[in-house]
Each structure stands twice: as C-alpha cells, then as structure tokens.
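Data first, discussion second: the structure below is written as structure tokens.
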Amino acid sequence: MKFAVLFAVSAACLATTAMADSRILVQSTTSTKNAGLYDYILPMVKIDTGITVNVVAVGTGAAIKNAMNCDGDVLLVHSRKREDQFVAAGYAKQRYDVMYNDFVVIGPAGDPAGIAGGKDVTTAMVKIANSKSKFASRGDDSGTHSKEKSLWAMAKVDQAASSGDWYRETGSGMGTTLNAAVGMGAYALSDRASWGAHANKADFKIMVEGDQRLFNPYGVMLVDSQKCPNVRSKEGQIFIDWLISAKGQAAIASFKLDGKQLFFPNAE
Amino acid sequence: MSNQTAMAQRGLMPITIQNITLTLNERMLIDDLSCIIKSDGISVIMGPNGAGKSLFMRCLHGLAKPDMGQILYADTPLDSLIRQQQSLVFQTPTILRRTVLANLLFVARQRGIDDPKISMDYLAQLQLDHLAQHPARLLSGGEKQRLALARALIINPAILFLDEATSNLDPASIETIETNLQSVSKQGMKLILVTHDVGQAKRLADDVLFLHHGKLAEHSPAKSFFQKPKSAAARAYLAGKLVL
Amino acid sequence: MPIYSESFAAAFGLLASSDRDLMEILALSINVSLASLVLSCVIGLPIGAFLAMRHFPMRDFLVGVFNALMGLPPVVVGLLVYLHLSRSGPFGWLGLLYTPQAMVIAQMILITPIIIALSCQVLEDLHEDYKDFFDSLVVPKRTALLAYIIDARYSLMTVILAGFGRAISEVGAVIIVGGNIDHLTRVMTTAIALETSKGELALALALGFILLAISLAVNFLVQWLKASARRRAYV
C-alpha cells in the first residue's frame, strides 16, 4: 500500500518534470558550458522566442557523433575541419559563424619550462617537451584537443610517444582537465573562457597568449531533417537565427567574467 | 462418536500403510513398515530416539516420501486434497512474524474462514485471547504451542498429527493441550501422536505403535501394550532402559 | 584544511535559504531514485522470493548471475541504455533520451540485481524456517511468496536501503542518459560532477555533504524501524 502511494507520487513528480512543448536540444562543448555562456544567454532566448534550449555538453567529438545519431537538433562546436565534414556528409545544410575567442597556455607560477610571457606557442611547446615538463591534455577528441594536436604537429614534437610520461592525457572535459593540471602542476591548453571561469586556479597563470594560431572559432549548425526526421527544424533555425542576429551577437559580446569579455561575435 | 464428526473423517479412514521403506544417505530409516490405523481413538507412536517415529509421521502427512510402498487413506493414495484435511503440530512451531491473531487468521484464510470472530473463539478455547494483539514470537513455549494447536484446529481437520508437540513444555501447558486433545478426539477427530513421554502415552493412547530401528515392532491396544508388551525392545523401553 | 569549513558553511547556507536550484536538484534526485527503487522492488522482490523458494536445475546458476550483476559498472549501464534510447537505436522512437525517465530506466537496471540477489539471501533463511509449516498447510506458491515478503519486511528494508544507496549515489549512468541538463536532468551527483569540473570545489563538497546527510537520515530511519521491530521479534 505504502509502495503504491510512493510510486504514484514519484510518477506524478516525474510527470511534472516532463518537457514543455517548445524546446530543442543542443549538442555542445564543455568549454562553452563551463564558461557560463549558456546560463547567460539562454534565458534571453526563452524570453525572445519562447523556446527552451536544453544543452548537453560533451567533447566536440562526442557532440558531433551524438548529432549524427540524431540525438540533437542543433550542433554548436569549435572544430572547423570536422564541422565542414559534418556539412559535407549531409548532416547539416550549412555552417554558420557565431563567435570566436582564443586559446591560452596555462601553467604553474613556478614555470619549470620557462615559457611565461611568450608570444609564440610552438616555441613554448618545444620548450615544454625538451624540459619534459608535465602537460595535461584533453585527450578526448574535442575541439580543444584537435587544436592542441595540430600545435604539437606544427612544433614538430611527437608528444604521443611520451603519453603517460610528461604528457598526460586525461580523456576528460575542459574543467576536469584543468583540475588535473592544477593538481599535478602541469601545463595545459585551454580556451580563454573556460580558464577565466574556472574556480580552482591555485597559483596558475596564463603563460602564452596572442599567437594567431590560437584563434578559436565556433560554428553552429542545424541538424538536417532529411538525415534525422525527428529534428525540430523550425525551432532549431529560430535559435540559430537568434544567435547570429544583431541581438544575439550583442548578447554574446556582453557576456563578461571579472569585467572581461570571453566570446567575440563574428557572424556575417 | 457423533454422526457429524464421523462424516468429518470424510472417508479418509482407515489409513493403510503398505511396506513403506525410506533410505537416506545409505541408511535405511524406515524398513518395510506395514500397518493399519483405524478411525477409532487416539493412536500413539512410540519408540527410542532414532527409531523413525517422526519420519514415519512425516510420511503419513506427505512431508516425506517413502522410496517404496504406499500409504492409502481409505483406498486413495495420499494426495494434496487429503493433506488439506490434515493438520500437523510440530515439536517446535513455526510462528509467523506477526501478532497472535494474525498467525491464526493466516491459517484460517487458507481454508476460506474469513470471519475474525471464529479465530478469536479458537484463541479463547486455548486461553490465548488476551494475547491476540501480542507479537506472537514473544510468547512463552507453552503459549506458542497452544497457538500452534489453535492453528491446527481452526481448519477442522479430519486427522490431527502431533509430533512430540509437548516435549518442551511445562506441566500446565501440557495439561491444557491434552484436555483440548481429548475433547476434539471425543468429537470424532482422529489423533495420531508421536511422543517419548510414557506418562502422556498412558494418559492419552487408545492404541500404540512401537517402532524400533525403522521397523514396526508392535501395534497393540494401549492397555495390553503397557501391561504386557510383546516385543523385547518395548519391554526394555517401558522399563526405562536404553534401547540400542 | 579550510575547504571543510568553507563547505560546511556553504552547505548550511544553501539549506537554510532553501536555495531554489538546490531544492530542484534534490527533488529530482529523490524522485528518480525512489521511482527506480519502487520499480526494482516490484520486479525484484518476487523474483528473489521465487529463487529462494524453488529449487530447479538452473537456480544456482541464476543466483550466481544476479550476484555478479550487483557489480554492474554504472557507466556501462549508462552506455548501454544510451545506445538503446538514442534516436538511431531500437527504442529511439520513444524519445526518452535526456529525460528523467531515461535516468529511472538506467538506475532500475542497476538496482534490480541488488534487490534480487539480497532478497533471495534474506528469504532463503526465512524459507528454511517456514517451509515445513507451509508445506503442511499446502499453501499455494503465490500465497507463500507474498507471505515471505510480508514476514521478511524488516530484513527486506535493509535490502531496499542498499538499493536506494546505490541509486542516490551513482553518477556514471545518469550523466550519460540524462545529459546533466540544467532544470531538467540535473541531480545531486551530476551537479557535484559539474561543479567539480568548474573548479568550484567547496560548492561541490557542500553538495556532497548534503547528499551524505540525506543518506544518513534515511539509514537512521531504517535502523530505528528495525530496532522497534526487533523488540517485537518481527525481524
């Protein structure tokens, strides 16, 4: 008897949390979520369009795979090459620019590799490799991870050979990797927004920034309804249109942390 | 014996036991046992420890199955329907984790007796009515066994088995139970008891089955058994000697 | 370490102010865990009782299987449920992925083996005690099954508590099938994971303390119930 009541109460509670009508699911990245961007702009989206935007934040690689499995309506990630492949394979009709920021190399105040204040990221990475200073990598097929791998390649360093030695692949999201870096006194590549928002910095600082190669553009795509019939195309497009509209772009620009702007709008 | 209660034995009597044998772990515990138990009176099964008395009773009630031979009730082999017209009071009763009344109600409902008042009447008969709401497992040994007897009686069985049911009880409880047994026997219920209490056997038995090493050493009317037992084992047993 | 005092203070602050987000997350945690627990018991208790009562050729093997399944890694269960509920999976048409219902399903898969294996153990002991009596009364199997569950109710509380503990504390399954979506599928454990990944360690620990307090409260309640049952020899 008690169980029946419990069950009924639970079912009722679950029913009330059942989703409202106008909503979409966005597959996105840990860097945008952890920075707090969505917490800032999504309420505005709701007011302007009436759409509830639910965000699943995983690595770029996972987000793209989820979208290909039709488990999302919109994809918002930062890996240009893979975004283009997504469109080319027919999973989206087109890719829109939405915003950019940049990557930074963070590291402990002690700076064992001596890279602080540097303006050339590949030089810094060579110094890290030569000094065998610890480096924490995302290692999770994310946009940040792709960027990191391309930088090692440009620096002509075979970092993978030292995996488990000074090169530590956490296989995790941005925040978890930053915690790991701080915890073991390692360098790491992070997007500026995630680092800015991360609360557990200990004595870490930005070591290298400003290199053009650290440019980090984000793209947004509507999953194509021919590949995925369940996609809420109308609401998804409304959301994208909002993001690239003057209003949306202004909202992105106005998002600040400690007085600093973290994302820079660049839609056409 | 009243006509009503004769009907109550519902064509189950007599019990014909034909050459039953039971072997366990290579030991023959019941050895080619045959006898006839008639409907009149209280039958008492006696014998030294390990003679197979309890096992024999379990066979009669279907809790154990002989390897050979058969047990017929009137002419019908023992089956589920016949078992439902029997009750067995164990030496140590299984008391449900509920109140005294709930214990009795559980049994009553198995046989479709839904009226709680009937249950209360049986509790009163065994002087347990003041304990109706008491947690049953907190009862004394004597009280628990009276509850077990109430459970056995409420389903109005044709045959009531008692397996050393009063072995661990105080004299007052034994007396209450024996009074109840004699009363239901007079009303026509067939009683079959296993006991090692010779005094109890003398008080209650109308006929005695004496078992020894799994065999039926003797089956005699009570009077002649106690005055002049036929088998040497029985003589030694009644004299208080160890019977090996 | 200063983080302990910081976290305790944060925990008290959140509770005292009935922080809206916290209450929402707490409510969802309890709802999801309770719903999956109830479902697991409805399925698992009769199976546990059946295995305790009946001995058939496959029985020991099945009991072994359920015992082993108690150690199912939550993240593996999460992955399997995800694959089945994904739009590209066999049950995608139900649209259950990233909903609390998916979380209930995943946790149900995790808890049911616990309920089956442990209730079987508890009821085996009861079966030894009751079987001759029930056999003598010729009690039908279904009645016996129900009677076992009722009479073992206090011992089964410990079993149910074990199931609840597993549900309320796991994160691997619910984060994959639920997506940790704000105001939708975020529960205490996934919130702790999120705050940790944001480096908000004191807040994460504070949430952890609150979760612990709830578990402790539930445990104490069950212990108190069992103590009163023991006094009446119901256990």
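Note that the chains are named A, B and C in the order they appear, and that numbering of residues resets to 1 at the start of each chain.
To be clear about the criterion, a residue touches a chain if its C-beta (ideal position, glycine included) is under 8 Å from a C-beta of that chain, and two chains touch if they have at least 3 such contacts.
Model, not experiment: these values are computed from the prediction.
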Arrangement of touching chains [line / ring / star / complete / other]: line
Identity of the chain that, by mean CA position, is farthest from subunit A: B
Innermost chain, taking as reference the mean of every protein Cα atom displayed: C
Distance from the mean Cα position of subunit C to that of subunit A, given in whole angstrom: 33
Length of the line joining the C-alpha centres of subunit B and subunit C, rounded to whole Å: 47
Geometric centre distance via CA averages, subunit B-subunit A, whole Å: 80
Subunit A contact footprint on subunit C (complex, rising order): 27-28, 31-32, 34-35, 38-39, 41-42, 86-89, 92, 95, 97-101, 104, 179-182, 184, 196-201
Contact set on subunit B toward subunit C in their complex: 61-63, 80, 83-84, 86-88, 90, 93-94, 96-98, 106-107, 110, 135, 137-138
Subunit C-touching residues of subunit A, taken from the complex the two chains share: 3, 6-7, 10-11, 13-14, 17-19, 25, 30, 34, 38-39, 54-57, 66, 68-71, 172-176, 178-179, 182, 197-201, 228, 230
Touching residues (chain side subunit C, partner subunit B) in the complex: 129-130, 132-133, 135-139, 143, 147, 151-152, 154, 232-235
